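Two complexes, one shared chain (subunit A), two partners (subunit B, subunit C).
On to the complex of A and B.
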């Protein structure tokens, strides 16, 4: 009897221990398997098409929208920003290298020197500051246009976020993971509640997308954002969307590019590793 | 005597009439509660039950949660239904349903009215 109890106890301990130390690789495997089983037969890259992959009539509407995509003019504006020299004569190429198609795939990444998650938008503003230019606003406008241009140039490449085996990097990843699964706000909802548990279901008239593939198409042009803006600019960054989601569950949003959202992005993008970048996307 | 009898029957008559009025008034109040509860349940900024539940007469309804039908057989005890609306995490800590009372999304009075409405379905 004593033996059995000890056995059970140690089995329990082992289970707890592996749970606490499940590696990002293991998390990714479980995450992907879960979605593959939930939507059998769906191609991996189709998860990057969000709710349009889950509803045939929505997909048809979306595909016709993609024939003359409303984000095109903003990708062009992003290209102009990329090409325009700074006052000091240098340009963004001095920070990102001369090939704009090789930028997006490097983000987000762990910076071992500063011990934090570095995002594409973070480095865009860092580059501006280092060159004596005024940084862009964080959520929309020029930062989203330039990010959309980098995304467009990187289309066809695969998301490839690396979580180094550095305790601080793992801690940042763990923070992001915890944020994703934790309930928050007056409505008491987690990211995972809608986008892991109930994708494919309707919340009011909106079809919930899968968390897998959510980051491949950011920044996005949202019809909802375009309606809100004076000049029809519907572009917005991933962190703008995080803030919107948090507000929808009646939680106070964090600041775009805050540590909380950068850690969330680290986890969130990592979970879509291996999926093809199709940014910028169009969304309702 | 006849006069007295007459008076008595008159009194009894008014008593019956009064009782009838009370019952009608009660029924009307209950109907009002159901109607007020429905308004709260359908209001996007209040109950917003249609975000996830199918309710007869609603539009643009979600399908995350079970349709709200046959509630009296699912919740014979009205108090349990009220608890489920007040704090669904009691029955299931991971429930996606917002804790309407615990997080003060609705007031106690509003939860009473919504409970009346949902119980009537």
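On to the complex of A and C.
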């Protein structure tokens, strides 16, 4: 009897450990399969179009917006920032290389020296500081414009986040994954509740998008943000959106570029590996 | 017999004194100070596990129960402050409990 109990307990422990420590590759495979089965027949890249891939009438409206996209002027502003030299005569090219189309696909990545996730926005401000310039605000304005420019230049390339087999990198990935699936806030909702369990359903007037493909079109121009802004600037970064989601479930949002959100981005972007970058995007 | 009466009398006197001088009740200010310390500890505990809720002290929250309580106390309205601290402490405790309950959250909970 004692042996049977020991055996059952061991089996249980092994099963739990397998669940808790599945590799990023296994996670990605299961994640992809889950959405392909939930939305049979949908092309992989269509997931990058968010809720517009799930509702025909919304898609028509969105396509008409994309004819004269409101983010265009901010991509141009981003280009101007890219081209404008710093006071020391250098420019962003001294940090990112001369080809802006090769920047976006490198992010986010794991930095083995600092043992942390590095994001595009993080490196934009690092570059400014290293060149004696004042860093940008983290969530909107110039940082989102330059990021949008990098996204626009990278259109057509595939997201390709690498999770190295380094315990600390895996820890960061696991932290981001846990954050994504853990319920939080007074409304007791996880990111996964809306974007894994209920994509395609409405939450009030909004159609929920799939988590697969969500990062391909960031930064985004949101009509809601444009309405709030004095000058109609609706651009915002991925971390601005994370903060908004957390606020909506009545959890205290974390700071943009905090470790929590960088780790979340590491997981979140990795789950869209292989999808085509179509940033910046327009969203309601 | 005389000794017994005296002893009983003394015992009754002591008991009577104890009954008639209860410990001094805490003033509202003292209650507020104790509650504030307990609430702040509960909030930090929730924050330490990434479980803090929006309306406890986040600067952009319209409610901000904890700072509002401090503000009310500064204005001398301890009753209002205590009510607000009740909410803040409850939310902090719930946030911590929620984070603990979600310790093992992962894709397996979503059929993956």
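The rule is short, and it goes like this: the second predicted complex is superposed on the first by the 272 of 284 C-alpha atoms of A that agree within 3 Å, B and C clash if a C-alpha of one lies under 4 Å from a C-alpha of the other, contacts with A are read in each partner's own complex, and residues count from 1 in each chain.
Rule of thumb we're sticking to: a contact is a pair of C-beta atoms (placed from the backbone, for glycine too) under 8 Å apart; a residue touches a chain by one contact, two chains touch by 3 or more.
All figures in this text were calculated on a predicted structure; none of them were measured in a lab.
Once the two complexes are overlaid on the shared chain, A:205 sits against subunit B while remaining clear of subunit C. In the superposed pair of complexes, A:197 makes contact with subunit B and with subunit C alike. With both structures placed on the common chain, the touch criterion links A:186 to subunit B and to subunit C. Ranked by how many residues of subunit A each touches, subunit B and subunit C are led by C. By the document's definition of touching, of the two partners only subunit C reaches A:177; subunit B does not.
Of the two partner chains placed by the overlay, only subunit C lies in contact with A:30; subunit B stays clear of it. In the overlay built on the shared chain, the residue A:260 is in contact with subunit C alone; subunit B does not reach it.
Contacts of A:60 after superposition: neither subunit B nor subunit C is touched. Across the superposed pair, subunit B and subunit C both touch subunit A at residues 186, 188, 197. Residue ranges of subunit B in contact with subunit A, taken from their complex: 50-52, 60-64, 89, 96, 98-99, 103-105. Chain contact summary for the complex, subunit A toward subunit B: residues 186-189, 193-194, 197-198, 201-205.
Contact residues of subunit C toward subunit A in the complex are 47, 50-58, 60, 91, 94-95, 98-99, 102, 104-112. Listing the residues of subunit A that touch subunit C in their complex gives 19-20, 22, 27, 30-31, 34, 177-179, 181-186, 188, 190, 192, 196-197, 246-247, 250-254, 260.
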